[in-house]
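Below is one structure; the comments refer to it alone.
We call the chains A, B and C, going by the order they appear; numbering starts again at 1 in every chain.
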Amino acid sequence: MNKFFSVEDAQNPEALVTEALQLKANPRAFEHLGKNKSICLIFFNPSLRTRLSTQRAGELLGMNVTVFNIGKEGWQLEFADGVVMNGDKAEHIKDAARVIGAYFDIIGIRSFPSLADREKDYTEEVINAFYQYAGVPIVNMESATLHPLQSLADLITIREHQGVIERPKVVLTWAPHPRALPQSVGNSFAQWMNRADVELVITNPEGYDLAPEFAGDAYVTHDQKEAFEGADFIYAKNWSSYEQYGQILSQDSRWTVDAEKMALTNNGKFMHCLPVRRNVIVADEVIDSENSLIIDQAVNRVTAAHIVLKKMLEVQG
Amino acid sequence: MNKFFSVEDAQNPEALVTEALQLKANPRAFEHLGKNKSICLIFFNPSLRTRLSTQRAGELLGMNVTVFNIGKEGWQLEFADGVVMNGDKAEHIKDAARVIGAYFDIIGIRSFPSLADREKDYTEEVINAFYQYAGVPIVNMESATLHPLQSLADLITIREHQGVIERPKVVLTWAPHPRALPQSVGNSFAQWMNRADVELVITNPEGYDLAPEFAGDAYVTHDQKEAFEGADFIYAKNWSSYEQYGQILSQDSRWTVDAEKMALTNNGKFMHCLPVRRNVIVADEVIDSENSLIIDQAVNRVTAAHIVLKKMLEVQG
Amino acid sequence: MNKFFSVEDAQNPEALVTEALQLKANPRAFEHLGKNKSICLIFFNPSLRTRLSTQRAGELLGMNVTVFNIGKEGWQLEFADGVVMNGDKAEHIKDAARVIGAYFDIIGIRSFPSLADREKDYTEEVINAFYQYAGVPIVNMESATLHPLQSLADLITIREHQGVIERPKVVLTWAPHPRALPQSVGNSFAQWMNRADVELVITNPEGYDLAPEFAGDAYVTHDQKEAFEGADFIYAKNWSSYEQYGQILSQDSRWTVDAEKMALTNNGKFMHCLPVRRNVIVADEVIDSENSLIIDQAVNRVTAAHIVLKKMLEVQG
């Protein structure tokens, strides 16, 4: 595996999950694979789970892990070609990426969207530029539009908890939030579920439909209750509008996931990627219930990073 | 040892010191104990000695050590239960602590007090919440009211330098400072000395008496010179008022520790936890004298963290 | 080697380059030399290459590497002696350096100049104070006036690319930049080239002459084209004025290095330490040409740090 940007790089998502679960059962099995190998985790934005879980995964493989908060410890990068760089960007991505690629065997990148320019955000210029110039495998640690390590962890979690249900009904529901958030988790979850053996339903207020290339064949409804009926998994997440790009069109608390709505489901499990605004996205009664899988998802972030890094190391030999 | 929050967790402080000194003499003796174990050092506030010494201690035990500046690299945490989280706190401590506890074998926490709300600060909500939710041993790396790794290092230092004196007279003296500082070092030192085989005297201006639960049975005097007479160890530290909580009531330079005052002691040793404001807390002539133990104390911060982490690892097996 | 502050500490720069190239060919040869040894890399200022390359070098030697952003994760340090420290500096360098020196086997320091007080900057008080008090070897990771790891990497790069040319003509050319930058890279490059077997020419606008102690015997001309004629290596760099200290006297884009000027050279190679302002310092056509050595230089930063740390570890035994 030379890049992990989206479900496309997973080839067979279900097979990847199976392999990930084997690794989880025997986490030290490949601790010599990363000996003398190094990874640099580059953060343009804050992170808790991604930072710590990817670091742990690298350590489980015996790698040297370097965390670099590029904006705070380094400087701003220029991404446009041919620019006269007399502004506030001190280095061009071409040069920075080639250098970091020369120092490390694998690079992880977290880079959020501007939420100001949809076309630009959806070109994924940051992560693509690193891939173009660095010359080493690149892991998406949440880019402008996708968060595949999260979605892989989510699919692993669903497989661990679906029990006897053969083809679970999985509902991705928008929920309110006081800040304008990226669409990346929603996009990515939809993209992965479209490739998994599940029935995907997406529910959100009008104006909040996800980009068609990620929503895919999912059934989309603006009626949250309809969506919840008989669901096996409820995945809550806020995102800002894709249509009126980056805008907050609603903070309607009627979209908060509570026990009453969960009662409509098939004893459904509750999922969220964290961090979560309690009693805004979801009521305490739901997130603290036995059906809440949030910690399982977070634990599986290590497993997701573990299998992805393992596959990248195997390619390098 | 499942937590190290105060002298209470040390059970037998003098025995802990004895064991710590054995470890100091043979620092690589347990370097396999931490193999495949990981610790996350979480900083809500700046740190130099605590950060570096705890990191070194973890490495001496063969652990993977991760440093996480949670406020700068992550986000703000909510501690109140049942809150509608639509403000500036992005994640609840319940969720963050459970996740970090799932990723790491031990967690260290540095979290200073607000100095605005005494009752709240003295409940130690941050460190207690991590202990409640993380499910792994927690090390206090200076909390709102206590700094036990410092006090253990201080007691180790006293035992190394008391020579033939059987029950040394130890004086904790307030000294001036331009900023409002926590009471934690003073509280903690008093708490440990009350449990050690020493004669403890505390001296401070009126209005600066420490909380009774930590001052304990110490003799408290507002006459600094009386306190210094015949002292074997002078421990200088500033703290803001406990009574008029968080206030600076005095910056009186007559409380600065100088050579004239040290002349009243029994060839007393000078101690301070660092960082120290020279010529405000203590005159250069004292801190640079042969009787100054400040570097010994700092070196023993590694030893203190070393023995505490060793005891936590032993419990985990 | 107990310090690496300038070319003076290299004793024989050409021999050091030869040894560095041997190490580059066999980078894991000394991975046991740093076992149980630790280095603390202290940053008063941002860094990308220096941070990552020195970290990699330490890991190649098997060391524990700690990165400490002292201003952001710790606090401000006082450097003046005898001061009443009641301002914004929380700790004296004497105390901080002695403590860090007690915790680590080697210390690296990055500390930029103020560009406000030439006399003070050129005393190199920060790095000298660490050397005076820490009691362990100190590596200059770019100080107020010099950047010897960069210059060593540059000399390694020149030796790798001079081919059959016995005594290459090396031109250090000033180039425009929108911000006031230190003279350190220019000073240091000049100092090293004066000690290497090359013909050094320095070209810059009037008012930009480097400090005489570093420019040394180089031929200095204000005519950039004259300088470029027949050059084998063009080393571009901006610096603020030494004479009118810290000032920007020119942003004249006629000093930008472009293909027309490179055509005057002897098929000259282009060098820059990075980060570089493209189309301000140098045109894309030059930096992206086959004659550009910028990535080679960056890669050799690991080699430079590698040989320097190896020599420091050998002294310690």
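One rule holds for everything that comes next: contacts are C-beta pairs under 8 Å (C-beta built on N, C-alpha and C of every residue); 3 or more make two chains touch, one makes a residue touch a chain.
Quantities reported herein were computed from a predicted structural model and do not represent experimental measurements.
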Self-contact between copies chain B and chain C, residue sets same or different by half: different
So if I superpose chain A on chain C by CA, what angle comes out, to the nearest 5°? 120
If you average the CA atoms of chain B and of chain C, how far apart do the two points sit, in angstrom? 39
For chain C, residues that touch 2 or more chains besides their own: 72
Across the complex, what residues on chain B touch chain A? 36, 38, 40, 64, 66, 68, 70, 72-75, 78, 81-87, 90-92, 94-96, 98-100, 102-104
Chain A-facing residues of chain C, complex: 28, 43, 46-49, 51-53, 55-56, 59, 69, 72, 178, 251, 274-280, 284, 287-288, 294-295, 298-299, 302
